[in-house]
Structure formats: C-alpha cells, structure tokens
Amino acid sequence: MLRELKEAVLEANLALPKHGLVTFTWGNVSGISRQDGLVVIKPSGVAYEKLTADDMVVVDLDGRVVEGDLRPSSDTPTHIELYKAFESIGGIVHTHSPAAAAWAQARRPIPALGTTHADYFYGDVPVTRPLTKDEVERAYELETGRVIVETFRERGLDPVAVPAVLVANHAPFTWGKDPAEAVYHAVVLEMVARMARDTLLISGGEAQMDAFLLDKHYQRKHGKNAYYGQPGAAH
Amino acid sequence: MLRELKEAVLEANLALPKHGLVTFTWGNVSGISRQDGLVVIKPSGVAYEKLTADDMVVVDLDGRVVEGDLRPSSDTPTHIELYKAFESIGGIVHTHSPAAAAWAQARRPIPALGTTHADYFYGDVPVTRPLTKDEVERAYELETGRVIVETFRERGLDPVAVPAVLVANHAPFTWGKDPAEAVYHAVVLEMVARMARDTLLISGGEAQMDAFLLDKHYQRKHGKNAYYGQPGAAH
Amino acid sequence: MLRELKEAVLEANLALPKHGLVTFTWGNVSGISRQDGLVVIKPSGVAYEKLTADDMVVVDLDGRVVEGDLRPSSDTPTHIELYKAFESIGGIVHTHSPAAAAWAQARRPIPALGTTHADYFYGDVPVTRPLTKDEVERAYELETGRVIVETFRERGLDPVAVPAVLVANHAPFTWGKDPAEAVYHAVVLEMVARMARDTLLISGGEAQMDAFLLDKHYQRKHGKNAYYGQPGAAH
Amino acid sequence: MLRELKEAVLEANLALPKHGLVTFTWGNVSGISRQDGLVVIKPSGVAYEKLTADDMVVVDLDGRVVEGDLRPSSDTPTHIELYKAFESIGGIVHTHSPAAAAWAQARRPIPALGTTHADYFYGDVPVTRPLTKDEVERAYELETGRVIVETFRERGLDPVAVPAVLVANHAPFTWGKDPAEAVYHAVVLEMVARMARDTLLISGGEAQMDAFLLDKHYQRKHGKNAYYGQPGAAH
C-alpha cells in the first residue's frame, strides 16, 4: 500500500545524508496521505545505506502500526501531532543539523536577518519553551509535538509561512507540502542558522532587517503575484 | 545568437556549485555583449544540473527578453543597472555565499585586513545602505542595482579596482571583465569574508592593514608594472 | 592469534579518517580480549592507508609486546590503564579531533546542552586536571591514564554512562563495548563539541539543559526500558 | 638538471590543493639542493592541475633563473632569503590557508595551547612585525624574507624547532628538511590555527599550557630519545 508515498519518503530520507544534515541515523522524514489518514515514516535507528521503500512503516493517526515489520521512528508521535494540527502540510523532517541545533540549545529563535531567510521563512524561526518535567516523563514525544503546536498557536504563526521550528535544547523540525519540500526547508534552515550565527559574531550581537524587505522577498517567491522561478514550477 | 557568450555564461553558472558557493538555485551569472547591447543570463529557479546553453536567456538593456523560452533570473534588472553604470565590466555574479552574506546581514563592509584581500580588492568591500520601503516596494531589483551604483559613486570607488559589493541584509554581487572573472572574484570574496570574520574573532574586534601594503599587493597583480603570474596571463 | 579482534581494530582505525576525525597518523584505536588479558592496538606513526590486520600489535596488560613486528602506539600505557580501571569496556579511541581538542585546550568540560549530547553522554564530558611536572616527566602516558581514572573516581562518574573524557591541553579519549562503538562515540563527541561551541557563541556564554530532559534522552536509548532503534540492535 | 628535486617540488605543490590549503594558485613550494646552491620553485600563477616537473623553475641564490621557460613564483626572493639564513632547511611552503592567515591578519602569534601544537612546534608560532612603508616599496619580497629572519634572530628561535612563521597582515610560511616535510608542517599549522581560534572562543580568551608538557610532547617526537613512530621513520 501507499507505494508512491513510500518511495517519496525513502528518497527524502536518503537526501538527508546527501545534504550533510545527518550523522549516523539521526534524522527522519515522514509523509502523509491525507486521503487515507495514514503516515509513512522511517523505521527507528536503521542505517541510511540499508533503507528500502519496503522498510518504511505505515502508521495511522493514533500511532498504531498498520503495515511494516520494523518499529517506526521513536519521534512518530511528534510527527502525528504536527500532521493533526497543521492540516495543509504533507511531509515532516527532523534532524540534528549542527548550526540549527546550536540555536535550539541556546534556546533562541533564529532571527530573520537577510533575504536568504526571508525567501523561505516569513519571520523568525521560533524556539519552543522547554518542556516541563511532567511533560518529559509522561509522554515525551507527544508533548514535543504539542509544544510546537502551542508555540505556533500562541504567537499566531502560520506553519505554511514559517515551515520550521526549534525545540528547546533539542533540534529542528521542518515541514512542507510533501517530504521533498520538507527536506528542502531543512537544508535552508541549516544554512540560515549558520549565516545568523556568523552575523552575530561579525556585528557583535546587533543585527536586524526591515519588515518590508522580509515581506518583499517572501512574497516574490510565495505570494499570489510571485515572479521568482518559472511559472508553475516549485521553487 | 551569441553562442559563445551563452557557453561562457553557462560554464560560469556551473562553476558556482563546483566552488561551493551556492545551495540549490541561489545564484546567477550573466555576461554582456557590449557590441550588441545584449545581456545573457541564467533563467530563474532552474536547477544547475539541468542547465544547457540554450536555456540561457538573452535580454536587451531595457530588460526585454530578446531570445529564450524561460523567464530570466528575477535579479535581471539589478544586472542591467550595473552593466549600464559600470561600462568596463563584462560579467556579473550574484550568490548567497554564507560568509559574505553574513557580512551583508551585519551591514558591515569587509575590511581589507591582509594581502589575500589586497590581491583582488583595492580597499574595503563596501556595503550598501538599506533600501527604503518605497524602493523595495516600487522596483526592488532595479533599486538594488541603483543603490550599488550610488554606493560606488558617493564613495568615489572604481568598480574595476573593487569588483564586489555587499547589499545590506541581502548578499554579495561581484563582477569582472567576463563571466569567468566574475566567478573568480566571487570565490575570492567568500574566502576573504571567512578570513576577516576569523580575524575579528581572534583579535577581539581590532584589526587593520597599512595602506602601503594594500597598495603594493594590488599593484603587483594589477598595476601597470604588475609582475605576478606569467606575462600576458590573467591571474 | 586474536584474528577477529585484529580485524575489528583495523577496521575501527580505518574508520577514523573516513569520519574526518584524524589528520595524518594522529589517532589510534585498540580493543581488548578480556578472556586472554590481551590488548590489540595500532602501531605507532604508520599511515592509515598502509595498515593491515597483521600490523596490529598485541600487548599484555603490563604493556609487553606479545606479538607484532612494529612498535605499538606511544599511547599504549594510557589505553592499558583505562582497560584495567574500566572493566566493562572493550575498545578505546584516541584522536585530536579539532572541536573536542579545542575544549580540552580550554580546560573546560563539554556541558550537556541538548539531546544530541544526552543520547550518548549522561552528563557533561569531563576534563582532567592538568598533569603535574613530575607526572609528565616520569611516566607521561601512564599518568595520562591515571588522571583519567582519577577524574571518573573523584566525580563518581560511570565510564559506561559517560564514555569520553578530555585530557587537559591535549585531546579526547572515548571508549565503548568494542572498538566500533568507541569510534561511534568519538564521532558523536566531535559533533557535540562543535554544537556546544556554537551554542556558547550564539547565547553569549549562558546555556543549560534540564536534568530531567538529559535523563529522558539517555534512558530512551540506553535504559532498561529503551525504545529507540530496533529491538536487539545496537544504536 | 635536478630531476629528482623537481619531482619532489612538483609533488609537494600538488599536495597543497589535495590538503585543502590553497584556492586557485595561491601557494607555492620550493626545494633546495645545498650541494648545487640551486633552488627549484613553482612558476608564478600557473594552475595546479596543469603543472609538470618540467615547469619547475631553477634559480640560484642570487635569484637568477638558471633553467626554465616560466617566470618563477613572485615570492622567490622570500624563499631564497630563508634558505640563506636557515641553513638546515631543505623545503619551504607558502600558502594563504585561512585559519593561519586569520592569525596573521590579527597580528597575533599562534599560542602553544595543546599537544597537537607541541608535537611539531616547540613554542608559539611567531608573527613578524609589519613591514615599513620603505621596506614594502623598495624590495617587498626580499624584505618579507628579512623580517622573518629578524623575527627568529631577535627572539632566539631555532627554525628547526619552530618550522613556521606568520607574516603580519599576510599569511604563513612553513619549512622542513625537504619539500614534503614543509607541506606536512603547513597542514599541521592550519589545524593548530583552527584549534587555537576555537579555544579562544570557548575559553573567552584565556588559555595556556604548561612548559613541561610542551617540552615532553616535542621531545617524544623530536628529541634524542624520541619514541613516537617506528625506529628510523620520519614522523
């Protein structure tokens, strides 16, 4: 079942080491079939070079394994929570890519400081509050999903316009309309995390960009009158 | 038409990912035929691995597409503005190379701190003022070109002696006598941006070089009595 | 003798340059046969590309060469001291991987700042006190082993839960249940050293993680109810 | 003439891009035949991928070309000055490797902070004073050699024990008993420059190592009772 989605999820998982975003097995990608209410996700702790489409695990939105011989990623409850809350997204990526993880460890949002950021993220990439002891001990991965959703709800953020988040003391999650776009955003996030880190270093801590420049760059790629790229093409 | 220039522009575009200067499609190179008053430029948002010489778009100095099936780079008006103002240049490169972009985001010129810089840039690499809201909203890419030209005019800079600029909160543009030399300068710029960043880190923020050393290094490569390299060769 | 262990030690040594952890010959891996009381270790100063399983040197726990034509690694007395004190470990790695070495040179422990760290190291990665003049001059490599053991004893650390140490002004040692796991920990250590360095840079020096998050992440991989990865698999 | 030395100098030059130390043509290696009083050096500004042994230029100790169709490296007078003053060296390397160049631009010596440094450099790697206007304008490359020699003479440094220097606002020179060892030292220098930079970042600027540890590490590799590596082998 879901052959095409499994292939897309496999390919997106394999793209992570290709882009230098993961060490060993530290990353996972999932995709959802909204029609079937089923999520396809990487199995937990399997080396990328051995993954096949048949290894992908199918789970329903209650987290029950519907198909697959392997245990799904331990982060599956986080993915499911995001699919439930962010209804327009089709793929999710989790990595520990080092520059983005450093911002998460510093518990700081990645500030929008330039057009590279504005081309894909319509404002700062937020960081969640730290989870409480109770949340961590009771249902850690589920609560990780919930605190991401809380972060977007409380700040009135649109997950389509800001397709990334940093989980405090942990690492980033990104998403997109499908698994491939979620990977694309993971690559961009790592790059803007590096640039923002170096900007702080160079400027001695002070830096900002004008809201109208952020707006312009985001809209020329994603607004209704977008004119970047070829008509009808993705990026 | 312009077969040779298209090949040169294609090759220069392909050199960008080879030198590690671009992620995905974030970069573009153009070249000009001064005789024909025509610019050849990369199409917008097309993956590098798929580009062919025939994909290159030919535009005139009013920005009208003269030949080509694809939409030209969205940065085309910036390129044209630079070709009009800087009459001796033959090729232009735009990238978001990370170290140079970090200086642009910090709104700081890259100071001339050593001979690596002085070998190619005869003084600091300037940063433009931020564009105004009006400029951004009215004709963003055109105004980006204008603010670069303004930066050189107001500071009395020679674009041949300083073949690079940082656009505030954006990223670098570099240029040269042809597309290949513009790429060469983009590579050098990223390297001197990294070195200058690390110099600040090591020195705690203070650093400078003597004007006569800057002068010597620039002149031994580019002055009328230049003696670096082989007689008649480029670099 | 010990054919299988020699192959494992060779493979682990070759993994060091593959993971970018060593320059030239600056690294060594050993493995122990607890049953035989014998250690297999890389010969000193031999280039990785020339190493064969037969080049591996067999030494007993008094440091005497039992088999092998080459001189064992000059760090052999350090390895032996660790095998004697940490009875459950089966492999040891020493590298000068640059980010971890920078922490060692700064004489600072690598603080546990995120889940990447917590997944493998159950707390800060400690740094030893500097050796005294007497220790350095009398029996340097042996005393290096002793000061590592002293560090773990005095702080009540379990070498299985924290399989790494920084030797002050020197570089890291890591270990594991076998040579391959020791290499795995060396790779993780370098990554968390980079992330922690960048976290300090971003946060301006302040950063911490909650003990219960550290606990959760370590236990979900290594506790008795671990649920990361596939049942029965290593990582 | 000097066929073997030309091959050694060619190979050493080709090793520079292989180790990631040079961009474009920014580096050069030479070797000397003490018996003949002749230096073999890379031609100026020729791309590495096109170099052959026959392109190497032979010059005498007055800087006159004795053999070769190409112009020798513009840094030839610096090399010659070092060969004259440092009588036991057989090869010299000049690069603009970025981390070492950043220290040179900061006009700071690279402090001996750990054993990676101590294994090859017996103390801080010194930085020259900036050249005067007169020195730069009169005989720049010759004076660069002279200020290096002055730095070693005034501080009582032994060029065999400290086979590297930073020229202020410029970049490093390293040397060794032959061209290959000079390259080896250039690689080590770049690595210790990176480590020292990161050590400053982590420690907030304060760091040091004990003189007796520096002494021990240097001597176990290079002293008369050296025991690192295999008997009779180089490193």
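Letters A, B, C and D name the chains as they come in the text, with residue numbers starting at 1 for each one.
By definition in this document, a residue touches a chain if its C-beta (ideal position, glycine included) is under 8 Å from a C-beta of that chain, and two chains touch if they have at least 3 such contacts.
What you see is a predicted model, and the numbers here were worked out from it, not measured in a lab.
Both subunit B and subunit D derive from one sequence, and where they touch, under half of the residue numbers involved are common to the two copies. When subunit A is fitted to subunit B on its Cα atoms, the angle of the rotation, on a 0 to 180 scale and to the nearest 5, is 90 degrees. Per-chain CA centroids place subunit B at a distance of 33 Å from subunit D.
Centre to centre, using the average C-alpha position, subunit B and subunit C are separated by 46 Å.
Multi-chain contact residues, meaning those touching two or more other chains, occur in subunit D at positions 201. Taken as a graph of touching chains, this assembly is arranged as a ring, one closed cycle with exactly two partners per chain. Which chains touch which is summed up as A-B, A-C, B-D, C-D. Across the complex, subunit A is touched by residues 113-116, 184, 187-188, 191, 194-196, 198-199, 201-204, 207, 209-210, 212-213, 216, 220, 227-231, 233, 235 of subunit C.
Partner subunit D is touched in their complex by these residues of subunit C: 23-26, 43-46, 70-71, 74, 96, 98-99, 101-108, 130-131, 133, 136-137, 140, 169-171, 197, 200-201, 205.
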